[in-house]
Amino acid sequence: MKSLLKTIDTFSFLDDLLEGYEASSGANFIDERRLPSVNSIKKILEDLLEILFPGFSGTRDVTSNNLIFVIGDLLSTVRSELTTQVTMAYKHKCDERTCSHTLCDDKSSSAVDTLLSQLPKLREILKIDVAAAYAGDPAASSEEEIVVCYPGLKALAIHRLSHELFKLEVPLIPRMMNEIAHTETGIDIHPGAEIAEGFFIDHGTGVVIGETTVIGKNVKIYQGVTLGALSFAKDERGDLVRGQKRHPTLGDDVTIYAHATILGDVVIDKGAVIGGNVWLKQGVEAHTVVTSEDRPVNFKRFK
Amino acid sequence: MKSLLKTIDTFSFLDDLLEGYEASSGANFIDERRLPSVNSIKKILEDLLEILFPGFSGTRDVTSNNLIFVIGDLLSTVRSELTTQVTMAYKHKCDERTCSHTLCDDKSSSAVDTLLSQLPKLREILKIDVAAAYAGDPAASSEEEIVVCYPGLKALAIHRLSHELFKLEVPLIPRMMNEIAHTETGIDIHPGAEIAEGFFIDHGTGVVIGETTVIGKNVKIYQGVTLGALSFAKDERGDLVRGQKRHPTLGDDVTIYAHATILGDVVIDKGAVIGGNVWLKQGVEAHTVVTSEDRPVNFKRFK
Amino acid sequence: MKSLLKTIDTFSFLDDLLEGYEASSGANFIDERRLPSVNSIKKILEDLLEILFPGFSGTRDVTSNNLIFVIGDLLSTVRSELTTQVTMAYKHKCDERTCSHTLCDDKSSSAVDTLLSQLPKLREILKIDVAAAYAGDPAASSEEEIVVCYPGLKALAIHRLSHELFKLEVPLIPRMMNEIAHTETGIDIHPGAEIAEGFFIDHGTGVVIGETTVIGKNVKIYQGVTLGALSFAKDERGDLVRGQKRHPTLGDDVTIYAHATILGDVVIDKGAVIGGNVWLKQGVEAHTVVTSEDRPVNFKRFK
Amino acid sequence: MKSLLKTIDTFSFLDDLLEGYEASSGANFIDERRLPSVNSIKKILEDLLEILFPGFSGTRDVTSNNLIFVIGDLLSTVRSELTTQVTMAYKHKCDERTCSHTLCDDKSSSAVDTLLSQLPKLREILKIDVAAAYAGDPAASSEEEIVVCYPGLKALAIHRLSHELFKLEVPLIPRMMNEIAHTETGIDIHPGAEIAEGFFIDHGTGVVIGETTVIGKNVKIYQGVTLGALSFAKDERGDLVRGQKRHPTLGDDVTIYAHATILGDVVIDKGAVIGGNVWLKQGVEAHTVVTSEDRPVNFKRFK
Amino acid sequence: MKSLLKTIDTFSFLDDLLEGYEASSGANFIDERRLPSVNSIKKILEDLLEILFPGFSGTRDVTSNNLIFVIGDLLSTVRSELTTQVTMAYKHKCDERTCSHTLCDDKSSSAVDTLLSQLPKLREILKIDVAAAYAGDPAASSEEEIVVCYPGLKALAIHRLSHELFKLEVPLIPRMMNEIAHTETGIDIHPGAEIAEGFFIDHGTGVVIGETTVIGKNVKIYQGVTLGALSFAKDERGDLVRGQKRHPTLGDDVTIYAHATILGDVVIDKGAVIGGNVWLKQGVEAHTVVTSEDRPVNFKRFK
Amino acid sequence: MKSLLKTIDTFSFLDDLLEGYEASSGANFIDERRLPSVNSIKKILEDLLEILFPGFSGTRDVTSNNLIFVIGDLLSTVRSELTTQVTMAYKHKCDERTCSHTLCDDKSSSAVDTLLSQLPKLREILKIDVAAAYAGDPAASSEEEIVVCYPGLKALAIHRLSHELFKLEVPLIPRMMNEIAHTETGIDIHPGAEIAEGFFIDHGTGVVIGETTVIGKNVKIYQGVTLGALSFAKDERGDLVRGQKRHPTLGDDVTIYAHATILGDVVIDKGAVIGGNVWLKQGVEAHTVVTSEDRPVNFKRFK
């Protein structure tokens, strides 16, 4: 064991580090079941996006001659790989005493098949989203540009997928999916948010949409918009109450301009328009424009 | 065809999905010519950045002994690969009836050669940008740090490249380039924006610079600044009018502090300083400081 | 030399480009020592994060059976690779006349060993950070979710590593590390910032924390918060004075809500709460809530 | 052009090297059309082998649920990629003056489609080859072992594919395919050889089968067997006559043991058995065993 | 299902191909359990060779400071990955009716642990093999050269590993391992062969060593040597009898020169020397030199 | 240290393994300087082959427009990477007491520059080799086919490179290069062999050419030919004498057919022809054909 002793000399702090892992409290993950892997989820999302928008990645030709094969093969691959990841997520959270793990396997297959069976519907919704983006941005020169270039559409497409898994109570993976979108686009949508078709996020960096947000049809928002919570309820032990409705509900046709902030479980009703930088903690009636009073600015000539 | 039938049973929704692709409307891309690929454009941008700042990627030694070879080989590679992508972009947009596609090939070669011939000029401009960043940020310890670490410089270098292609009316690719920069830096510059030398974006996350923005020399902006449009003109059919000047024009030596928003086709004249969080929909004369009146804040002791 | 002449014809601008590289001023890096490489630093950060949170990447099983080997091998790899990069950084900055470069080698080894010896302590601090995040966000369903999904934790973990190297005056690499985090999370922390344990950044996009910021225990901030400088001192030659304290100091238990901006070397004392969108250039006493007066908003029914 | 001159000093021999490339004679390939790429052909062969033996590579599950998609997608990929390579091969050989290159494109599509349409037949033949190998080797424990482990089967499968392209007079690519097999297995079959079903090569290293060899059904050969040419006809100018039948013809059910050599256009008739190390330049009648007279060996005790 | 019909038109042969897969006979692998993967086995062999000869791959520094970690991590990785592959191999061969597959899992773990526990012994044996090679080849300039460059040593090291799994009756994988060695070295050793220490194969291409061969200590053979079977026993149904001793037994200190062939279950006793190209189907007593009578050669002057 | 103890239990044999590494004798490589890496040498050979035959790899277009850049960049890359590897090789063999290692650095640079300066000459020689192959094989349809497909040419090109380094007494790397060729082609040439221009190896598998072989101009050999040593001289201590001339010398225009074996330091003089399977331990005069007497074969009809 001479090697070891020499080694321990080199990393004299190793013992402390190992003891830290062995402690029972906090962020320890030794001897637990393996977690789902972010890189696997990324690859699965790429395949799912290729199914939703075949040919748009520019990596291969998709024609009416090979369409059924390309899509069928992607579906088959996603089913196999996503089931593996979802099973890890269920087993990780599973209380071993009451589950034979066969239950976890069955729940995973079922969850993935349910997601896949929603793809035709999700694609129809996303086509409406694409059309809404094109109609809403004079800088867009074609619908292809929306699919290929707009971060808002990418974040939304990923959200529509992850939200299906969220509804099925798949642990961790929906959040991993939305954080992959957040990293790439700067748009942070919680997988719990319910978003109807025709949603358009322009530019997008800094957008935050909270877990219990509900968004109607044809809503349009800009960079830096926050749909957040106002304050957090605590239980009698002082712990946060999780799962309560605490974010806004937006009606159909609402528009929210850049950097506006709306907090709390309030209703912004059908057709309302919220101006840039507005700060709101109250509801807004339908067909109402809300603007900040023009903040007074001082102009001072210095030369 | 037993296999097939079994398969169709497994993915019962496949038929619906395929019918969705076959529909003529919306985001369909079957049987069209292949789109340019984001991954190829990424690789090309890496090579172009290595040409603009040889040695800075740290991936290889560039010395006066091999400089001409390294640069020459990168130029030759970029010319070949970018021409392929630009040709795809032109052909995709091409109306087959009036074009033999040889025209598309010729336009592509010409566009790429024009871009490459601008590289010496772009490099001189970027050297001024680097110097401006160093002069403007006390946290910067060297010009190398600017090139290696500053997201603002990266976004700007990519913009200067994409803007050349935008001027040549290359479809899609300029937007793809700027979205690659947006993803990496959180800075969203439309390739149409005209930006003179000595431009410095500090921190950068959340910056939005619209398509028809014009920026003079030695302008400095901070994170979260929006140079946006106020409202969109529509034609008699209610469709957006695309291409009109609708974003600000900044004179030389303008400074805009964090989270300020300037909307519409207004002129912020030479040397003006716009304070943080200011919200402006009007022009500003030269050598004028614009600040929000200090927003009143309440202080409430609670303990 | 016929080949060459033909080639020069093809790239007629090459001569100009080469002359630009040969110029002595500005962003030239020919014939200098190789810079550290961003891609190498990325790989090293992945390994360091795996040491801090073994098993969380989902790429392999870490059990009590292989823990010492996995950690030991990662430590050994990081030591070798990071020392190589740090040596490049020192040598690049080194004034050859007074240094035999052996000094640079020694300083590098010493810096890396110092960082590694801090890992047990950093891990204990990060466990407190994780617990703070779980306690502070009702949307979090487990501590694992914090580690796997929260960009704030990732940016903070990378900062805690880079800050150690910053204190050791390692050139360039601390900034490269924090920009890697910035790219991925939209959170821009300067490696110089001093941050105590229990720090939680929710959502995070657009957060900027300046070089001389000091943050106490159990501080919580939200997306878009800026802890910035107010104005930059210049010396008699008009050059920026670098290194001065010019950013805020936050006491323990401070909370700062989304998009608030605090500028200058001011003290926000223990337990203070700064409301969303507040714009502050002055200190705040302990246990004080600061809010903007509710900005007046206009409601206009339009239909 | 200072850079260049400095560079030329460093590689003083560069000028000589470049002049060598510019010379018109010999192995020069400058300014010609691009050759097919060995790496692309390797990838295509992997896909073709996966079509012929789905599931055997162990890289993915192939089930009756995804069979049609996996195979269809592989076929579609191979058609696209192989057509690209075959087009390069035709164009490289094409005499530009008489061909518009559209002809080359058409010939390529047609050649690849012809190859693909032979796949069902080739697969039936290869199933017979697998059964023959299992029947002929007592060390084989299953037919799967033949497909997964036997170099003879791999070389034969690749040959059956390349031979189809050889018959269609596709330039270069059939030879590239068989050399890929040669590198991996040590078995050198010329793509011109005609080989009926039930062929088994055991061990295989050193086997050489010449261009005009013809092999009947259920033939079995061992390592080191050469089916070669005896001498080469020359034309009146002293150049080799290419394309003449100059290699053996083997009838059905022939067996040739290790290291036997058969040279020239001779017939080894149905059922003949050629012993190990036999050296033959003449034909053999049906149902005849040919052995070397036992070569006399000397035994000398030395201790 | 229009897409499908169009597709089937394109690949008119697809139906035939699919029917071929569905047939019950022959090389079909649909709906079976996944086979072990050659690429995974290759990776595992690389790791095992790094354990046997740490540092020799030149891919990383192995020092007394990190030795225990590097080796421990490799062991842990190999145990996990090889167990996965061995389980696939057992399950594939498993008769489901009598096995719950838990048995397969247990057998796999046990087999891999047994192999790993033999590593210290195998390493001691391989050190003797290296020394024998150095002592036997005047062209070798160091023992490192043997480990780094000699294909004979690589084939032998892989064989010593696979032979352990063969003895444990692991299906398929031992053969896959030796074929990986065969591809790389041209040396074809069946995993069943029993080979004592001090074995040296020089050059190696074309060497074949059959399944039931037994080789004593300090044996030396050259390129092209075959240790094969003479004829195969068949049972009453005409099928080959598998598993019988049918290859040679070599005593200690035997030398066999290039291209010699020894066939059948004969004994070449201690210290015998078999000359190049000798063809033997009989045993040889100890300390005996066997040479072909010099084959008469004709010399004919032609000029 | 609980982790460690648990771990040691799992791998109970680890202690034995580590002790084996620590022993001073035999194949140990701990704490020595890093060896050159086979994978690096492979990459360097690919680059060198691209310099010798630009465009033939099919990976990129090489035209008179980019030729100087492509070649110059490859030269510059090879110089940097090969110098690193050669330095490792020298330092590994270096006796530290008499060398400051600066000497090793200098020797490496000098060796690599000498090799590179030979490239124009080597290319001229290889063009003669290509022409000789085309002239000698009726199955070859073009000189391109020789370069792209013939393993003999690849082995020879690599040998011509490695032989230059061998003459410069670079340790290990020449052998690594030729074993890379051996693995790919089955042709085993020792880097010490001296081979004049116009050399052609057809098929090649199993060819062995020993260290002190000398080969004249326009020599042609076939698969399985051995140019070997007869017996090895030993010194008074019984150790092999290394470095003595012990392999054949072939004059110009010699031809050796398949599987012939020539052993010892004998001269096969100008224009001699050695028949297939001939076994020779003596010299042959110029312009002489050597054939085995036709080995008598028995023909036995069995049906």
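As written, the chain order gives the labels A, B, C, D, E and F, with residue 1 at the start of each chain.
Please note the rule applied: contacts are C-beta pairs under 8 Å (C-beta built on N, C-alpha and C of every residue); 3 or more make two chains touch, one makes a residue touch a chain.
All of these numbers come straight from a predicted model, not from anything done at the bench.
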For chain F, the least number of touch steps when starting out from chain D: 1
Interface residue identity across copies chain E, chain F - same or different by half: different
Repeated interface matching D-F, over half of the contact pairs identical, chosen among C-E, A-D or E-F: E-F
Approximate Å spacing (C-alpha centroids) for the pair chain C, chain D: 57
Mean-CA-position distance for chain E and chain D (Å): 25
Separation of mean Cα positions, chain F and chain B [Å, integer]: 52
Residue numbers of chain F (touch at least two other chains): 3-4, 7, 18, 21-22, 60-61, 64-69, 71-72, 75, 186, 205-206, 224, 259, 292, 295
Residues of chain C touching chain B in the complex: 7, 11-14, 16-18, 20-22, 25-27, 29-32, 34-40, 88, 92-93, 171-172, 175-176, 179, 182-183, 186, 188, 190, 192, 205-206, 208, 210-211, 224, 226, 228-229, 232-233, 239-244, 246, 259, 261, 263, 271, 273, 278-280, 284-293, 295
Residue ranges of chain A touching chain D (in the complex, touch as defined): 60-61, 65-66, 68-73, 75-77, 80
Chain D-facing residues of chain F, complex: 51, 53-64, 67-68, 71-72, 75, 116-117, 119-120, 123-124, 126-127, 130-131, 135-151, 184-186, 203, 205-206, 223-224, 258-259, 276-277, 292, 294-303
